[in-house]
Amino acid sequence: MELSHFNEAGKARMVDVTAKNDTVREAVAEGRVTMRPQTLELVKKGAMGKGDVLAVAQVGGIMGAKRTWELIPMCHPLLLTGVNIEFTLREEISAIDIRATVKTTGKTGVEMEALTAVSVAALTIYDMCKAVDKDMIVEYIRLTAKSGGKSGNYQREESV
Amino acid sequence: MELSHFNEAGKARMVDVTAKNDTVREAVAEGRVTMRPQTLELVKKGAMGKGDVLAVAQVGGIMGAKRTWELIPMCHPLLLTGVNIEFTLREEISAIDIRATVKTTGKTGVEMEALTAVSVAALTIYDMCKAVDKDMIVEYIRLTAKSGGKSGNYQREESV
Amino acid sequence: MELSHFNEAGKARMVDVTAKNDTVREAVAEGRVTMRPQTLELVKKGAMGKGDVLAVAQVGGIMGAKRTWELIPMCHPLLLTGVNIEFTLREEISAIDIRATVKTTGKTGVEMEALTAVSVAALTIYDMCKAVDKDMIVEYIRLTAKSGGKSGNYQREESV
Amino acid sequence: MELSHFNEAGKARMVDVTAKNDTVREAVAEGRVTMRPQTLELVKKGAMGKGDVLAVAQVGGIMGAKRTWELIPMCHPLLLTGVNIEFTLREEISAIDIRATVKTTGKTGVEMEALTAVSVAALTIYDMCKAVDKDMIVEYIRLTAKSGGKSGNYQREESV
Amino acid sequence: MELSHFNEAGKARMVDVTAKNDTVREAVAEGRVTMRPQTLELVKKGAMGKGDVLAVAQVGGIMGAKRTWELIPMCHPLLLTGVNIEFTLREEISAIDIRATVKTTGKTGVEMEALTAVSVAALTIYDMCKAVDKDMIVEYIRLTAKSGGKSGNYQREESV
Amino acid sequence: MELSHFNEAGKARMVDVTAKNDTVREAVAEGRVTMRPQTLELVKKGAMGKGDVLAVAQVGGIMGAKRTWELIPMCHPLLLTGVNIEFTLREEISAIDIRATVKTTGKTGVEMEALTAVSVAALTIYDMCKAVDKDMIVEYIRLTAKSGGKSGNYQREESV
């Protein structure tokens, strides 16, 4: 078992995927921002009327996904063909759950793009709310499903 | 208590900080990538010789911090004057802890820059290791300290 | 009367503003997207509930303003300290009016940043609505006011 | 008739075009910068010798077209395969007409890329001339033709 | 013999490659940073332990290659499918040789991407060492081989 | 004598310049593109009429300078206050000499920005001419002068 992002000299490289086929690929990632109940309440009010934190996080996350290859040093550039982000307000645990689905037709998977979409959306929520709550925590960012490509499908086993 | 990132019409704006003073500001953020023990072992071997995952994550995190204002929709552009990232291998919990310290002299704080540095470094670790471990989790991204600016200092109370 | 963006050889340069003072500067630009009444109606419905075109255009315009210096070849980089965008639905002329206010403390004005905010917001509206109306026109993008800096204030005389 | 850039929850998404075919696509957009006759005269002199405003606007517009997907929040990234920009000095109306032709082989059209090329070229002209004329107006930015893709061809009917 | 990057009016354009085939393409570029022997010694020590200049240059060069189309005005965007950079310490001439190999499947070659990878890697070395040696020279940046595409293969004849 | 871009653990960092003063800083860098006499002749003809390679390289170099901090991993972001690029056709050695002058008021020098301006301008020339001459060499990129900041002035001794 070896890490693939290194050349024979042990130095970082962008893995050669030239010979791989263009196939439809999809990845789903999820994450969570935990916050004070009062902060969640403010977000909730905004989502129903004025000051929509989640609308901004949605745009930030989608735009962030497109720039994954610029941010993550060894990521391959990809032409994303679809990005969707969903937020779930979890009042019972005082948190916002984030779920990003990313698609492409290409030579490598879009796991990193889905994870980046979630991360940027989460950071945007933090940014929009930090004036009232600096204790928020971004957590549980993980790949939950992946399909397409030679390595086959992936489905995380979990119950949250 | 109100969210500041909205104008009178309830629409998102970049908060007006024109009248704020340029002061020295520093923020520290931390986060963690949890992984299988075998994956951590591979990272550890690389850090000692060939294939240094953490060296790439270090560069990715620093470059990501500089681009925070491009990623986070309502963030103000800032001239970062210092970025440092430290990794701690936590074998007892099979994780890598990431700590980023960011400084500037400017009108707004660098909390988001520190959190972005940690996030991009964490995503880079995920990217470099995902061929061998897709179950990694990026978690516990949080602001741990902040100084400078009108809102005063912040120190997270925690014991991990 | 001479164009300033050229050196002695008549070649483009980024004008030397090193000796100018850092002063508070503000610029206001406006523009308009003209569309079919049915298209305006769709935007209006979204603004009141589902599918908010203007929320996306707001974020797009603000993020575009920050990147003005990357887009406009001879623009100086500036640290924007405030960006606000307002939309007015003009049913009587079947159009959306866009108004951007940009502030900075710096050595050059923010006219281009305000104009870019309006332009990107207008293009975003076009993008979000083009599936139903390709005949939209982006028009009347202009500087309406400017203050700060050696060249003094500017106020467009107009009645639209 | 519905706007396509929203998911079932009414939130913005990048439309899923995964299943669309890669076809040759072309779009033509036009726009205009209206200015004082003396300003147009200065541009004209530059175009013939020293201080070529339009050469800079040409480069700015082409580079802007390539970055459309970074600027317009819900735009898909595309590999542009050709960008051409033409300027026409319109002394009878004291204006510069801009026309951009953009091509790609891909899953979505290049309307936004052509419109962005025109917009950035127009803003660059404004930037290069604003020291002598702040009253310029960027106007009449519109799609004039489009071919390729499932939605078929588009040809604006107009006489200017 | 004519330069291809101009339209009929003699103005710069992005050459129309729409009709070209997607083929596998590879380019190799090389370059050199000449420095004082003491500076080379510092780099060498770092490469063996602490403070690895070349690890940072490796990441910088790879990330720079991906952004070539953003930097070089008339370059076509391309999806790089592999980037590798190798450094050779040349103590006999007190220099570091840089060699970048870039691959893609696309309509245009990756010569510029390979040259940009070398250039950014070289500039990164300069940046990391400039505190101790401002006399370094970046030199001999050249294409050494190219394959794929209609124009056929290229192999530089040289002996250095 | 130590390299400054590393922290105590020997890992790369962005050097902390928070405590440095904002002073006026200027750097001049030069470089050269060597080409066949026929290629130089084509560039020369363009510079006098149609197809101006150097006008594009000028814009590319200036825009590249502004993005130095995005490209070079450990570079600090800076607000450039002036960029000028000059080209000299050197028929006696069949080359184009490039000279970039960059200014800022800030906490760190602009050596890297001047070197990047020269490099991107040189690569742009290569790109614009590569259809007729793949043997061009970018060479002799060096800092020639620097002023401002604590480390004092620098003037390269040379005669080319």
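First chain written, first letter: the chains are A, B, C, D, E and F, and each begins at residue 1.
What we mean here is this: contacts are C-beta pairs under 8 Å (C-beta built on N, C-alpha and C of every residue); 3 or more make two chains touch, one makes a residue touch a chain.
Protein names from UniProt, one per chain: A, B, C, D, E, F = Cyclic pyranopterin monophosphate synthase.
Here the structure is a predicted model, which is why all the values come from computation and not from measurement.
K.L.:
Check every other chain and keep only those touching both chain C and chain E; list them.
P.N.:
A, B, D, F
K.L.:
Would you pick out the chains that touch chain A and also touch chain B?
P.N.:
C, E
K.L.:
In terms of residue-numbered contact pairs, which of A-D, E-F or C-F coincides with A-B for over half of them?
P.N.:
Of the listed options, the interface copy of A-B is E-F.
K.L.:
From chain B, which chain is the farthest off, judged by mean CA positions?
P.N.:
Result for max centroid distance from chain B is chain D.
K.L.:
When chain B touches chain C, do the two copies use mostly the same residue numbers, with over half shared, or different ones?
P.N.:
Shared-number fraction below one half, so different.
K.L.:
Centre to centre, using CA atoms, which chain is the farthest one from chain E?
P.N.:
C
K.L.:
State, to the nearest whole Å, the distance from the C-alpha centre of chain A to the C-alpha centre of chain C.
P.N.:
Roughly 30 Å, centre to centre.
K.L.:
For chain B, write out the residues touching at least two other chains, lowest number first.
P.N.:
Those would be 9, 11-12, 52, 55-56, 59-60, 63, 67, 70, 73-74, 78-79.
K.L.:
Please give all chain pairs that are in touch with each other.
P.N.:
Chain-chain contacts present: A-B, A-C, A-D, A-E, B-C, B-E, B-F, C-D, C-F, D-E, D-F, E-F.
K.L.:
Taking the touch rule as given, give the residues of chain A at its contact with chain D in the complex, in rising order.
P.N.:
24, 54-55, 58-59, 62-63, 66-67, 78-86, 103-105
K.L.:
Where on chain B does chain C make contact in their complex?
P.N.:
Within the complex, chain B touches chain C at residues 7, 9, 11-18, 20, 69-70, 73-74, 76-79, 106-107.
K.L.:
Where on chain A does chain C make contact in their complex?
P.N.:
Chain A reaches chain C through residues 52, 55-56, 59-60, 63.
K.L.:
Going by the contact rule at the top, pick out the chain B residues touching chain A in the complex.
P.N.:
1-6, 9-12, 31, 38, 42, 46, 49-53, 55-56, 59-60, 63-64, 67, 70-75, 111-112, 115-116, 119-120, 122-124, 126-132, 134-143, 146, 154, 156
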